[in-house]
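In the two assemblies presented below, chain A is common to both, partnered first by chain B and then by chain C.
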Partner chain A sequence: MSIVPDADIIIVGAGPAGMACAIDLAAAGCRVIVLDMQPSPGGQIFRALEANMQARPGTDELLSALGPSYKAGLALLTRFRATPGIDYRPGTTVWDLRADGTVGWLKGDAAGYLRATHVVLANGAMERPAPFPGWTLPGVMTAGAVQTLLKAGRLKPKGRIVLAGTGPLIFLLADQLRRLGVRPALIARTDRARDKVAALRRLRPAGLPALLKGLGWLLRLRLAGVAMRTGISGLEAHGRSHIESARLTVAGKRIELPCDLLVVHDGIVPSTDLAHAAGLALAWRDDDASWQPVTTRDGQAEMAPGPALTAGPCRIRITGDARRIGGADAAIAHGRHAAGAILAELSRPAATPGAADRTGVDVERSLAARPFLDAAFPPGLAANLPDDATIVCRCEEITAGALRAAIRDGAREMNLVRGLLRCGMGACQGRSCAATLARLLAEANPDRPVSPAPFRARPPLRPLPLGALAGMIGLDPDLAQVESLDDKPEASAGDDAHV
Partner chain B sequence: MFEPVGPAEATLTIYLDGRAIPARAGETVAACLLRAGITHFRTTPVSGAPRLPFCMIGHCFDCLIEIDGIGSRQACLSQVETGMRLRTQDGPARISGLELPGLDLQ
Partner chain C sequence: MSNDALIVGGGLQGCAIALFLARAGWRVTVVEKNLAGRHASGVNAGGLRSLMRDVREYPLSLRAMDMWANLADVVGAAAAESCEVRLGTAQIALAMDAAELQWCEARSRSMCRRDIHSEKLIAPDALHRLLPGLSGAALGGLISRRDGHANPANAARAFRKAAEATGVRILEQCKVHDLAPKPSGGWRAETDAGAIEAEWVLNCAGAWGSALAARLGETLPIKVTALSMMVTARVQPFITPVVIGIDQPLSFKQSAVGSLVIGGGILGKPCLEGDTSFTVMDRMASSAAATVAAFPVLAGVPVVRTWTGLEGATPDGIPFIGPSLSHPGLWHVFGFCGHGFQLAPAVGEAVARSLVSGTLDPRLTPFAVDRLQPQTPRKEEALP
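Now for the complex of A and B:
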């Protein structure tokens, strides 16, 4: 049976990778649909850039605070908007994805399925979830959240602010806040001087610009007199119905800082929710305490072991930060590289001949700073597993102690723990707790490998109103589904993950 | 906790629990309510603890709120619209208009 595809390529996400990929594919004559959860293109890095370029009161102040690398996204955005053949659909969430190229979407109160010959996941990254005592209190937010409020909400923090954690984003945000006259009481960094020594050994010439940029931020913060400490540990947020103070250990001493807003950041990790739900293979990275998708260099994804829900080859590629954390330039380079690989597969000439070789080189170059950055800013807030009283699952408010008790009682597998305690069963569907639970399981069972995947995912992966479900449009994916019971993943032999 | 960069130039009005809140076209419900100094968007179904947005990019689902009668909408992904009616969500989402005797949907 043949199903007529709705497009040649469906791209999920309109950040740097998604936009760059879409432009090259459409320029070569492909029909491209871009599904974007946000109201306008740009991803998180160029969030609300188009709107912020329009003259409004405060625009100059905001743009100058956000710096030149934010405005630099405008060229890509303009080309994305101007390229014919891109069907851009903002405000659209993806709640189902199958390896045969079927995508379930929701926009407002309308939902349906689309099918394409190729699907490109450019759904970006998330901040590494790092549970610590009090991290669910109002007034505790991630650095990315504060930056989003700056870009898309034109809001800056006020009151007593503490920044805690690690990674370049902390410095970037602190420098942006400095330009807006906002001075945090303390930047409390988990990374230590010895991390920098180890990192320098991994520095390559192509990583120098990243290093210089970081040193620039540090210098400006120092000149502005912003207090900064390294090697902090034991972060806690305290307060009744809102954060009132942050406690932490610095240079062996426990200190308490009165606080209205605690901004935390522990680096970013690939967003693997869609890849995992589509049955694609992930690999656990112990040094990064995260999963990342298994792909070829040009982003072709691999199916996880065991029978698949759909027949035929895997039609999904993964690009940008959703594949490897690398930032905007790396995402653009890889988005173009993935586009070139798809064009080759479709036997369509690229708009610029010889582009594939060049984009391959660009990918390598743009990722050259990563080994240095990874060593300089290892996971800090998440370095040690939380104590028993700390909430791990934010949605269902399940503590590390409750999880450890269930594991001691014999629950040795992610889905079993979920079934017993509802950990990962709440609204976020395990996005915030899965990695921590996987590590708690490994802590109790050091002889077993860390779970190769988060909780089993079932559509809908994001909330789908019943009305939208009832009025679905587009093809019926069941038509293309493997129907034999023997082929269902549950029946896979020797897989004790399905208790 | 937050204040506007530059003048606030609110052009439309939304309502939270019946209270009028000035909003800017194009902003998210989450940004609007944080600017207004709202202390919590919801309380959790398990312990009743108050919550505010945590990640602002659609991952954490802590910003859930009732929008125009539909519960558990992500405030960080919803844009303000003139006359939008929000309700602080206490515990699980209410299913408006659904009354089933003997079934505790709360």
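Now for the complex of A and C:
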């Protein structure tokens, strides 16, 4: 990196991890830029919290339904807003990332590159993609999407609602809906009682609060008379232009439920697209059917083997759910821990001495419930690979059958399949189909390891308007030296010799 | 089994030559260190362009245009269909300023003198009719009405499959570790698939062609480049011709589904040893700027993907095609400088014909591999 950095640290994402990290760094005197896709800070969990607080009393019912864990974000948000030295840039999409600390951003119709000596990825998680028959029908939504509509749109779901899948978020959402007077027809869980029994062995004392919280949700749902079944399988959504019914197998019996809204959730996985695009190492987790970044305990990432665009050390750390799924408290703890590690590297004293040890302990404690939760709620909807007729890549409408056929014909590698069928070439850039394709490849070649990375990633990771690209600022003067093919023929080359 | 020909490099050129050799009854093996068509062959812009071509390429280019027009005869009907050949959409070189317009006029006069009539000057009103949304600043340009485009990845695949169907053996992920002439004549290659012997060897190794030549003691310089392309989200179909720049890094077309494919000869960062390359968005900015300057209405259209592929460019802008001067039984066919896609069928035919007949096809003479070397008079010419 040959040009003057724009900041000491650039943080991508203003959720719990990004905010906590930014606060500690700025409090220690660092210049911090926070780039965030959302219009206001809070991430997914505290989405639109400021706006909903300001809109009281009109939002009292919503706030009370969303519960104390939502409002708990207010303290962090307030400190984030109040800490000097944080250059917060909402509505900003990151579409390129380089290991040398260069970040490509887009805000409205302006774009450019920013550089810092450290970049912290706090870009959170995404819901595990779980293709099942009918999942692309209108009326099928993820639990996260319903929460977005609740928090940011203040929209309550209506009609006959079925919740299906697994993970704590299903219970949380069901409980929030209950408080709003919305009663799902059924909560159809893929996890089984025996998962809980097995999971109990992994329960550590520090994980007890999480267990109690979950039991509280269950109890309230039961008292409210919400029907719940465990160990369901074979979920299908049926309907012509919109979902009309959900079919599933409960206790060995196939049932069909009329349904206007099928809310699915199969747990969350780290968002790895930025890390992968920067050339950072990922590792496939078989039990979780997902990739996660390879980092040290304090979040320092490492480069994947092979050639890289930029030279020099890797300047990227990864924190929060983007590193390990743990929820808001764990994200805050790790965001602070990563901040401490950066301050140590910069030889700057933290605002509170001895913080690094304490944040390390906090990280451990906040993640104590994870082994239990992972065992209690294993991937369910995505446990089995989809049947041939099911769409895997929804952007390009590619079915599992088409993918299997290409693999049978010799396409043994992610990028080759993409080149043949366009799987992963759509607007989402493969974020939703990559893991399923990797598993389909492994299914056909059981003796080969699962692909260590999703599709080859190239910028832009998110759509970048031509006009914004044309007017980009912050270009690297060395790299921007336009190299082009010098193949313009001379207008009258060799005329004299040949005519 | 001994081969008549061993082709190193499974790109479009290698597969096209293999196809025509096999049709003539030769036993041919193609070795490809990665995947056939994986580099420049599969990821170029797919332009079927004679417009603005170097005059030395014209005879080949005109023949190739006929072959693309009748591609079913070359690769079979189904494969030809998959190549999405669109001829007659026209390619237009835009003159955005007086200097470019002057260049167009000079070029046009020069082509007329050569009796090449495929590219013509186009007046501003006709230009604006053909290119809705074009900036008022455009002054005119050159048009080649017969030109068009095809799907490069599918074309690379089609030639490969056609070659295999004609009996060519294609070995992928097969590196050549050693290549040497046999004392008794012919060649022996040590590869990942074992020893392969052949009467003839063709160096069709593209970006790696220079390195392969160097291993055999020959200096055929190329610059390794990473051709870069970007594609936008789909928009209402509005433009049929392919538009290219003259001095501007401009080249774009609208695909059948509506996305704009933008090239312009902007290069990424090559990594020859890693068999890969990187998009450098700092450079793509100038390509986007040229596009938006010509078509201001496109400013809001988002780029959704970019890609790059490795290619070799010779110092004088045309490929090396011809027999080695130091090794009997060796041909070099590489260094297509980013515009070899359109030529490929004709190159395949002309090279195969030369090899089979033992007489160099005259259309290939401008591409002689020694053309850049300091002129040493040949023996027969040196005679008084």
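Just so it is clear, the second predicted complex is superposed on the first by the 470 of 499 C-alpha atoms of A that agree within 3 Å, B and C clash if a C-alpha of one lies under 4 Å from a C-alpha of the other, contacts with A are read in each partner's own complex, and residues count from 1 in each chain.
Operating definition for what follows: a contact is a pair of C-beta atoms (placed from the backbone, for glycine too) under 8 Å apart; a residue touches a chain by one contact, two chains touch by 3 or more.
Quick caveat, the model's predicted, so the values are computed rather than measured.
Residue contacts after overlaying the shared chain place A:244 against neither chain B nor chain C. Of the two partner chains, chain B is the only one touched by A:141; chain C is not.
Shared-chain residue A:472: touches chain C; no touch with chain B. By the document's definition of touching, neither partner reaches A:50: not chain B, not chain C.
In the superposition on chain A, A:419 makes contact with chain C only, while chain B stays out of contact range. Of the two partner chains placed by superposition, only chain B is touched by A:59; chain C is not.
After overlaying the two complexes on the shared chain, residue contacts for A:150 are found with chain B alone; chain C is out of touch. Of the two partner chains, chain C is the only one that A:459 touches; chain B does not reach it. When both complexes are overlaid on chain A, the residue A:306 reaches chain C alone and has no touch with chain B.
On chain A, the surface touched by chain B in one complex and the surface touched by chain C in the other have residues 427, 463, 465 in common.
Chain contact summary for the complex, chain B toward chain A: residues 1-7, 9, 24, 26-28, 30-32, 34-35, 39-40, 44, 46-47, 49-62, 64, 70, 72-74, 76-77, 79.
Note for the complex: chain A touches chain B at residues 37-39, 44, 48, 51, 56-59, 61-62, 65, 91, 93, 126-127, 136, 138-142, 144-146, 148-150, 152-159, 180, 241-242, 260-261, 271, 394-397, 426-428, 431-432, 463, 465. Note for the complex: chain C touches chain A at residues 35, 42, 52-55, 103, 106-107, 109-110, 113-114, 153, 225, 227, 232-233, 246-247, 249, 262, 264-267, 269, 271, 273-274, 276, 278-286, 288-289, 291-293, 298-308, 313, 317, 337-339.
Residue ranges on chain A touching chain C, taken from their complex, read 96, 104, 109, 113, 306-307, 309, 416, 419, 425, 427, 429, 458-460, 463-467, 469-472, 475-476, 479-489, 491-495, 498-499.
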